[in-house]
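Here chain A shows up in two complexes: once beside chain B, once beside chain C.
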Partner chain A sequence: MEDRNILKVEDLNVFFKVNGGIVRAVENVNFQLKDGESIGIVGESGCGKTTTALAIMGMLPGNGYVDNGRIFFEGEDIINKDEKQWQRYRWNKISMIFQGAMNSLNPVMKIRRQIGEAIRLHNPTITKGEINARVVELFKLVGLDEKRINYYPHEFSGGMKQRVMIAMALACNPKLIIGDEPTTALDLMIQAQIIDLINDLRRKLNMGMIIITHDLSIISEICDRVAVMYAGNIVEIGSIEDIIENYKHPYTEKLIKAFPSIYGDKRMAESIPGAPPNPLSPPKGCRFHPRCHKSIDICKNVLPKYTSFGNRHFAACHVVKGDSLNE
Partner chain B sequence: MSRNRFDVKLRNFRGFLRLFFSNTIGLIGFIMLAFFIIAAFLGPIVYPYDITDVAKGDILAQPSREFPLGTDQLGRDLLGALISGAKISLMVGFMGASISVSIGTIVGLSAGYIGGKVDSILMRLTDGMMVLPVLPLVMVLAALLGTSISNIILVIGLTGWTGTARLVRSQTLSFKERQFIERARCMGANNTYIMIKHILPNVFPVIFANTILVTSSAILRETTLSFLGLGDPLSVSWGQTLNGAFNNGAVSIGAWWYYAPPGVCIILLVLSFTFLGYSFDEILNPKLRER
Partner chain C sequence: MNNDKVIEVNKLSVYFNARAGFFKDLIRKDKIMVRAVDGVDLSISKGEIVSLVGESGSGKTTMGRAILNLVHHNTGSLKFNDEAYDIKNKKWMKTFRKKAQMIFQDPYQSLNPKFMIADIVSEPLKFIEKKLSEEEIESKVVEALEFAGLKPARDYLYRYPYELSGGQRQRVAIASVFIISPQFIVADEPVSMLDASVRADIVKLMLQMKEEKGTSYLFITHDLALAWLVSDRIAIMYLGKIVEIGPAEIISGNCIHPYTQALISVLSNIDIKKKRKRIVLKGETPSPMNIPKGCRFHTRCPIAKEKCEKEEPPLIKRQKNHFAACHFSKRLI
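Moving on to the complex of A and B:
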């Protein structure tokens, strides 16, 4: 089992056609996910986290397309599936917990029907009784009162709606769940509860998981590994301990320092000067170099390659690798 | 579980009724409409009337004990005509409105949801229907199809859907961008499923409020057609009675009992629908509610 990858993303490029040209939203993204492993994708707004997830789900909007690269799910290349094949694969194999539970539920439909819908669309022959039994089972699984399956979304609180979304994602027993900011818009107590629930379910059901967030603390609670994204590239990837305690890339360093520590001295959280680059015309070389405090000449012209630090920990940075212009 | 759930439902329904009946205008509209509906159904039983019966009264007789609303130029009873007109007005109103609203909903939903070329074609068609002068169109169609009550309903239904189509399209455009639509698509729902199961129920309140207003305009249109002599001669509608009054000089000789009652009834019926539409608007759109 050690080497069995449930998901393998290879050299993924996702571009968007817009009026002003082509937005290179995601470029050269590589990562693997083992069975039952969870990976967190972290980065600023607009760095391509959600786009990566949508590409894996085959849900890119009309003007987006996969320019290059392959995505393997259980060894099968899924990038060239047609819409019908996608529909069978989505939710059965990979499902998604959507960003903002309050907007992801139809306000005029009972919860039972909304969860049941996911089951029925993938098992057309299933009976009503079986669907109801499954919905009740899912409600118990996510810690909701089964008496409330016939309620409408507005009769649920924010945290309960998030549980409903998780139940919905679990409806068809997927092998992989993508959580797009699963705790955004929830208060801290509820965030903690949802994180506990996700951890608990992951242990119980042995699912792979991709968590997309800009909150490192959530990732460190849920994930085994972290991928740090900047302007469409993964700049560093490794186990959660390696990234938090032994970060290599200057961007990761800045990102971690931007979080106030509850243990250390009282100090202002650091910010990263400047703004992320315009994705229509990203800078040459390392995309982070205009904002990087360690940048050297080579960073301006050559895109850095990954350096391995053991234990599947990689970072793409010239300074860390010890490159120089003469090399 | 079901008991609890039933309570909630009951409470919601009671809340709706309370809101509805605390709204004076809505209540007035409801009472007026109820009166006309009861009159249309019970009237013919209590007060039988057949237009093909031999006329028993004098020509253009004033209201009397035998003929409470007088008689027309052939000596026929006018109260009977008034009562049977209620049924025709309501029937034309409801059936014409259901055809209009169905067409408008299908056109608006498809245009808004599918978008692109389909949207352009359907909306240009709607624009075309909107700028056509409706009355001449309806007159030509009615003359072409022949004057029977079902043709009148058809003509009214086929010409009155443009407003509904625009309204439903704009609502659909807003709902299709909501996240639960993306979620449903991601879950494997196809377009027809999303339109019918997800968007239609959300747009329904607006369609409902719109139906009430379309009904009143359908009633008015039937009256207009009948008044102009394009109605079904065998169904005595209010417009038909007004047509008779006009053609036989009832206005100039002061036979008010001929033209006033159907005129007042048309006004009250249309007003009742307008009041109802107004109060539903207030209930369905909480922003308009006063504390």
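Moving on to the complex of A and C:
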């Protein structure tokens, strides 16, 4: 079983050096991704979702560093690679659909050249004709009109630019794609189109996928598993069914109840009182305890360990009962 | 009956000139028009919340702005409290501005960064009631801030917008509207820039204002679920026209127009047991410079027939208060 994990993140800590001290953006994050599986990471802004993804891509900004932990890709530890090794592995093995597709394309470069650049940089021996053929192939794959390969980004609509970003991520046939808020800032109908496209590609190409979003409904459409993050920790992880219907952690509960549904009763979605903690000085004990409606004394001092609820469903909370997990 | 209508809009159209370039504009005789709002009827009663829902570019913001006379409308008649708009009359406009206000989308841009909170909130009041003393103004500002949930209000008076979070800023914006107790408010995506966790609070605040003061709202949003939660009636807009309007329950459960049905079907939904059939429309909304003939939705409609390409369907009454503009009325979901 173990060796079929395409990605395994173990005790990952990512810190940032800033003026006021050290920001513990991601702390003690563990998760695994099986071949062809997709996992969603959900949480409020600033909870460390994107930082986790950047660490996996080896693209942390200058003041960020991996303090502890290991990341295995296909069984190989990738955290200590040097930049040259990273370059060979990035995009060829793991690629990313960046947040804000509208702004991540170069406005003065034709789309064909932008996608072609990604292909050429990672396959230095490829010929021009092969690149063009590949771009056309990618355009077809993401449902864009191949006549438009020589257009500039401003001639594309938001949804089409998002498709271009997806094509770019697929350029080198990666085994794993990370989508950072792939549908945010798109209209509802375009969002649905992109979700359909991603699901379709996943079936066709059998890729692993990590979707980072604050919108649980997108994850429920695309992913098999969900990790709920709060202030740098994964507080609960499990299959989408387990998380939505059988959630254990009070934060997950709040997150799900904050979701308006037109099929239920007409009640105002509940908001979570308070704000996420300051990452420079997170609270002692369970990081969620100041906002938690179920918190007890022990939550204030002791960081909860994960308890298992079967079927790879874990939650870190003192209040919920499950089988304790020996780490 | 007529008397309880706060806003009545008849055949409202707003066109913008599309510029093709300086010389082309000089040479060309027929101006290309962007028909942002194209003949819309709408009325809002006292204490009613009507949501205007549509994708970006559907003309919903322009509609809201035209109702407040923030953009010039080309055709149509507007009535406020059964009184036709008298735009050229400055006195009339001033009383109108007292009673009709707007909450903007982006609290990071709508507050003057050089003003302190006390100034931002008191400015509309000072403009309207010039005889108030400093003490009276301050007590009103404090009252408004406390209503908006910024407690203790005195801590906020002398701070600047940059010191506040997005949710707090939007509260300040609401306080500055609340302070003059308008009768009618256009809220243009008031929560779309905010985190999900503070959204509900801001919406509750607006509902509370309705309860306490009987304020009517035109609530502009792209979020159908939110519209369903807050409003009495929902109007669905597509390319400058209202294609369906009716009570929130009918729109969510019994809508007729295929566009509404498609929007409902792709609505974010985390209830895995109740996954419905999704109708994902192909392509994108056509340009408002070049609106399709006939039914403007026919290019993307899953049930379009020949008739739809030729005749534009009128907004026809289906049930009490429920109108839809479609030649057919077929349930798709």
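A few points about this structure:
Going forward, the second predicted complex is superposed on the first by the 318 of 327 C-alpha atoms of A that agree within 3 Å, B and C clash if a C-alpha of one lies under 4 Å from a C-alpha of the other, contacts with A are read in each partner's own complex, and residues count from 1 in each chain.
The rule is short, and it goes like this: a contact is a pair of C-beta atoms (placed from the backbone, for glycine too) under 8 Å apart; a residue touches a chain by one contact, two chains touch by 3 or more.
Predicted model only: the values in this text are computed from it and were never measured.
When both complexes are overlaid on chain A, chain B and chain C end up sitting side by side without clashing.
When both complexes are overlaid on chain A, the residue A:215 reaches chain C alone and has no touch with chain B. In the superposition on chain A, A:190 makes contact with chain C only, while chain B stays out of contact range.
Touch criterion not met for A:19: it reaches neither chain B nor chain C. Using the contact criterion defined above for the overlaid structures, shared-chain residue A:59 touches chain B, although it does not reach chain C.
After overlaying the two complexes on the shared chain, residue contacts for A:125 are found with neither chain B nor chain C. Touched residues of chain A, counted separately for chain B and chain C, are more numerous for C. By the touch criterion defined above, A:80 reaches neither chain B nor chain C.
Of the two partner chains placed by the overlay, only chain C lies in contact with A:241; chain B stays clear of it. Nearest C-alpha atoms belonging to chain B and chain C sit 6 Å apart in the superposition, given in whole angstrom. Residues 57, 59, 87-88, 90-91, 96, 98-100, 103-109, 117-118, 121-122, 147, 150-151, 155, 168 of chain A touch chain B in their complex. By the touch criterion stated above, chain A contacts chain C in their complex at residues 44-45, 157, 159, 187-193, 196, 214-218, 220, 240-241, 244-245, 256, 258-264, 266-272, 275. Contacts from chain B toward chain A in the complex involve residues 1, 4-5, 8, 178-180, 182-190, 193, 197-198, 201-202, 204.
Residues of chain C touching chain A in their complex: 55-56, 165, 195-201, 203-204, 222, 224-226, 228-229, 248, 252, 262-264, 266-274, 278, 280-281, 284.
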